[in-house]
Amino acid sequence: MPSLEVQIGSLRLKNPVMAAAGTFGFGQEYREFFDISALGAICAKTVTLRARTGNPPPRLWETPCGLLNSIGLENPGIETFLKEELPKMRKLGTVIVASIWGEEPGDYGALAAAVDKADVEAIELNVSCPNVPGKGFVGAQAGFTADVVRSARAATTKPLWVKLAPEGEVLAAALAAQEAGAQALCIANTFRAMAIDISTGRPVFANVLAGLSGPAIKPLALRWVYELFPRVEVPLIASGGITTWQDAVEFIMAGARAVQVGTGNFVDPLCTLTMVEGLKKFLEERNLECWEVIRGCAHRR
Amino acid sequence: MPELKVVRAPVAENREVAPGVFLLRLEGRFVAEPGQFFMLRAWERDPLLARPMSVFDLSPQALAFLYAVRGRGTALLANLRLGDQVKLWGPLGQGWKRVPGRIALVGGGMGLAPLLWTAKQFGSPLDVYLGFRHRPWMVEVFRSLADHVHVRSEVGAPGCTQGLVTEAFSPRGYAACYACGPKPLLLELHRMCQEAEVPLYVSLEERMACGVGACLGCTVWTRSGPKRVCSDGPVFPAAEVFFDALP
Amino acid sequence: MPSLEVQIGSLRLKNPVMAAAGTFGFGQEYREFFDISALGAICAKTVTLRARTGNPPPRLWETPCGLLNSIGLENPGIETFLKEELPKMRKLGTVIVASIWGEEPGDYGALAAAVDKADVEAIELNVSCPNVPGKGFVGAQAGFTADVVRSARAATTKPLWVKLAPEGEVLAAALAAQEAGAQALCIANTFRAMAIDISTGRPVFANVLAGLSGPAIKPLALRWVYELFPRVEVPLIASGGITTWQDAVEFIMAGARAVQVGTGNFVDPLCTLTMVEGLKKFLEERNLECWEVIRGCAHRR
Amino acid sequence: MPELKVVRAPVAENREVAPGVFLLRLEGRFVAEPGQFFMLRAWERDPLLARPMSVFDLSPQALAFLYAVRGRGTALLANLRLGDQVKLWGPLGQGWKRVPGRIALVGGGMGLAPLLWTAKQFGSPLDVYLGFRHRPWMVEVFRSLADHVHVRSEVGAPGCTQGLVTEAFSPRGYAACYACGPKPLLLELHRMCQEAEVPLYVSLEERMACGVGACLGCTVWTRSGPKRVCSDGPVFPAAEVFFDALP
C-alpha cells in the first residue's frame, strides 16, 4: 500500500490534492457530490476584513480551454466566515486552509490575528488576485509580499502559505516570502488576460482585465513550478490548469509537493475525487511507496 | 450524505422541433422540481464549461431539455445522436413554488422551456401565455395542461394572433405569475404585476461556471445584496431582482 | 465595397491578415493550398547570419488548445534566404517581410544591411525567440531591444518592425523600440512554458522551456495589445492564438492594426484565407468602409 | 496553381479490425502515391492539431486508413460513425519509389499500414513480411498481392509461427527493401541490409504540426543535415537517417 501523504511544512495532508481558493466556496456545495474527506485539503474562498460584494456581472467568460473570471473577491468578511462557514467546513473531515486578502500589509496582520484563534490548519495569503480594482495590482512584488508575510507572521503561529501571481517579480517575491516566514508557496494564481465582446466592441469585464485559469494555462504554470523548485527551500503547491491525475503527476515531477484544483471542479464536480483515485493507482502501478522518488525528478540529469 | 450525482445518460431523442430549437431526451431516472436545471456537457475539454439547461419535461424513464442553438456548446448538443452519452449533474437551483389559486405562466420564446414541467407539476387552475417572434412552436403540449393557452406572434403567423405576449396578458385575477424569457419581457411583466400588486416570479440566466454556488460567477444584484443565480435562483421574486429597474 | 487595407508605417497592406514568422516557411508550402496573394503579407521564417540546424527532436508538444515548440531557429542563413528563397517568395504576389535574429545587436545590423539591398518590404526584428539555448533569453528587455533597433536602423532604410516577447519589460521594450526607430511593434511571440513527459519523468524538450502558441494564449496576447495601444504611437501587429476572423476583430478592437496567424495555419491550411473572407463579410455586414471606426474601439468610454 | 485541397469527407466505414486497430474508409475521389500520408482531424479546437495517417488503401470512390488508438486524437477517430465528416488534406510527403526487381515489404505491427497500397501499386515480384506481438491481423489482404507473405508473432498465436519478423527475413536476393514499424525493428533491418548491401527504405514518424514542411517541427537528423519527415520524408533511405546508429 503506497502512501499518498505529503508534508507541507509542519502540516501533513492525506494526499496532495486540494481544492483551490475561490473555486470550492466554503466546501458545502461539493459536499452534495462526494465525501470531501477524500481530499488532502480545501482552501476556503478568500475572505477580507469587511464583506465585499465583488465585481458587477458578467464575471465569467469562456476562452479556448480556459476561463476568465472577474469575481472581485465577493465574500462575507472574516467574521461571518469564522462564525458561520468555518464550523460547517470543519465537519468535512479534511484540512481547512483559510485564505485572506487585504489592501495593506496591516490588513493581513489583522486577518491573521482573527484566524489565529480559529480552527484552521493553515492560512494562505492571497497577494495575487487580479480582480480587485484600483489597487494597482501589478503581479508579484517582492517588497509588498515580504511586508504582508511579516505582518501576518507577527499575528499568528499558524503555518502561512503565500499564493503568488505568475508574473512580475516571481522569483524575488518567492524568496521574499520564504525569508519572511512562509512555510509554503502556492504557484500560481490566475494570469491577467482579457476578452472583448465583438458584438458590442467593449471589453467583456467592467475591470477590463480578468484572471485566466483552466487547462490553457497549464504549460505556463508548470514552467514557474519547475523554475522555482531548485531556487526555494519551502514546499511548492502548484495551481494552474490541473484537471487530471496526469497533470498532477506532471507538476509533482516538476517539484510540486501538492496541487490545487480550481477550474477543474467546474468541468467536473468529481474532478478532485477522480484525481485522488488516479494518483493512488499511479503509485500502485509504478510500485512507488511514496512521492519522494518522483518529486522533482524532471530536474535530475 | 452526497445527494447529487454526476451521471452519463444516453440520448434517446434529439430532434429539431422548430428552426434552431431542439428537444433532447436523455434516458435515465431523474428527479427535479419545476424551474430547476441541470449542467450538461457532451464534449471533452473544449468548450471548457458545462451548459445550464432547464428541465423541460420529466418521466420515470427520461429527462427532456428544450434548447436553442446559440453558440458552440449548443451546436455540439445539436449534433448528438441516438445513444451518444451526455454528462450531466443536477437538479440544481431553486425552482418556482406554487402559490394557491389561479396562476399564470408566461414564456417568451425559449423562455417556455422551464414552463412545461412546471405546468405539469402545478396543475389547474393555471393559464399559459406564450409569445414568439415568428411562428409558434411547442404550443400543443401545453393545451391539455392549462385552462387557457394564449399565443402571440410578434410578426404574425398563420392561425396565430399577431402581437406581443404582454398584450394578451393581464395580471389581474391571478394569485401569482411565473415568467421566463428575454429581459425586456420580464421587466414589462414586472411593471404590470407591480401595478396590479400580483407577485411575479422570474427565472434568470447568467453565465455559469460551477452551476452549484461555489464560484460566485453568476451573481445578480438583488434588493438583499448579491445572489447566485445558480443556487439562490434561477427563480427570484421579480421585486427582489428588478428593484433598480423601475422609474 | 469596404476597404480591407491597412497602413503599417510607410507600408500599405491589402488586408490586415499576415502569416506569422516561422509558421509559414518561405511561403512555398501553403502555395499548394491557395493563392497566397490573398494575404496582406507573409513574414518569412526568421533567418540568422549563418545557417542553423535548430534544436534536437522532439520539437513539438500539444497542450490544451495550445502548442509548445522548440524549433530553435533552424534556417538556411541569410545568404541562402536571399538567393534561393526570396526570389520564389516574390512570386507569391504579396508583401514580404524578412525576419532576422542575432546573438548580439551588431548581428541585427549585419543582417539588416544584407536585407537592405534585397526586395522585401519590411524587416521584422525577432528579439523574442524563447528557443535559442544559452543566450540568456529572459523576456522583453528595453536596453537590448533599443540596441538591436539602433543597429538595424543604421544599416537599412527599410521599415523595421520589432517582435516582442510577452513577458519581461514589455512596455519599456516597446517604448525603447519605438524611440529607436521601429515603425511597428508585433505583440507578441510565444510564451515561455513547458511540458513533462510523465512516462519518462523528463522534460519533453532538451531545452526544457519552449514557446507556447495557439488559441490557449489568445486572452493573454489580447491583454498586451490592449495595454500597449494607448501607450505607444506606432502601429501594433497582433500575434497570439488568432485563428478566426472573430479573433482578428477582437484584436483590432483592442487596437491592433494587423494580425499575424501562426498556429492557425497548422490547424487548417486555409485558416488565413478564411479569415480574410470573414473580415470582408464583417465589414460589409456592419456597413463599415474601413477599419478606422472599430480599431481600438474597446478603449472608448 | 494550388494543387492540394482541404476537404471534408464522410465516413463510409470505421470498423475495429483487431483490438484497438481501426479501419477508416472515407468517401471521395483521392489520389496518393505509395507511402504518402494525409493530415486528418475530426474535432474542433481541441486536440489542436491534425493527425498524420498513412494511406492504407485507395479506390476510385474512397480512401482508407488503418490506425491504432493511442491517445486522444485516435480515440476520437474511433468514435466516428457512418456519415460523420472528417477534415483532411493531402496527399503529403515523399513516398517510396519502386526499384526494379524483386522487393521486400517489411511491416512491424501498425507499420503495415502504408504497405498495402504500396504492394498494390508496386506489384510482383514482391514479398511481404509482417510481424506482430500477439495475434496477426490484416494479413489476408496481402496474400493476393505478394508472391510470399511471411508472418510472425512474437508471443505466438494459433496458426502462426512464433518469432520475430527479422527471423523470417533475409535481405539477400532483394533489389530493395521497404520497411515501416518500431524504431528497433527498423534499426535491425538496417543492420541486416547494410551487411547484405541491399538498399533499405524506411518510413519514419515524428510529431507534426503543419504536415506540409512549413513549421520545421518534425525534423530528423540525416547524413545531409536536418530534414523534415513530413515533406522530405516520411520515407528515407535507411542509410541517410540511421548513419549514427551503427557501431
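Order of writing sets the labels: A, B, C and D. Residues in every chain begin at 1.
Everything below uses one rule, namely that a contact is a pair of C-beta atoms (placed from the backbone, for glycine too) under 8 Å apart; a residue touches a chain by one contact, two chains touch by 3 or more.
Note that the structure is predicted; figures quoted are calculated from it, not measured.
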Label of the chain whose CA centroid is most distant from the centroid of chain D: B
Between chain D and chain A, distance of the C-alpha-averaged centres to the nearest whole Å: 47
Interchain centroid distance [CA atoms averaged], chain C/chain D, Å: 35
Overlap residues in chain B, where contacts from two or more other chains coincide: 45-46
For chain A, residues contacting two or more additional chains: 63-66, 214-215
Chain contact topology (line, ring, star, complete or other): complete
Chain C partner contacts - residues on chain D that touch it in the complex: 2-6, 41, 45-50, 87, 89, 206-221, 225-226, 231
Chain A - residues contacting chain B, complex: 22-25, 29-35, 45, 53-54, 56-67, 69, 71, 74, 214-215, 263, 265-270
Residue ranges of chain C in contact with chain B within the complex: 64-65
Residue numbers on chain D that touch chain B, as the complex places them: 44-46, 72, 81
Interface residues, chain B side, partner chain C - complex: 45-46
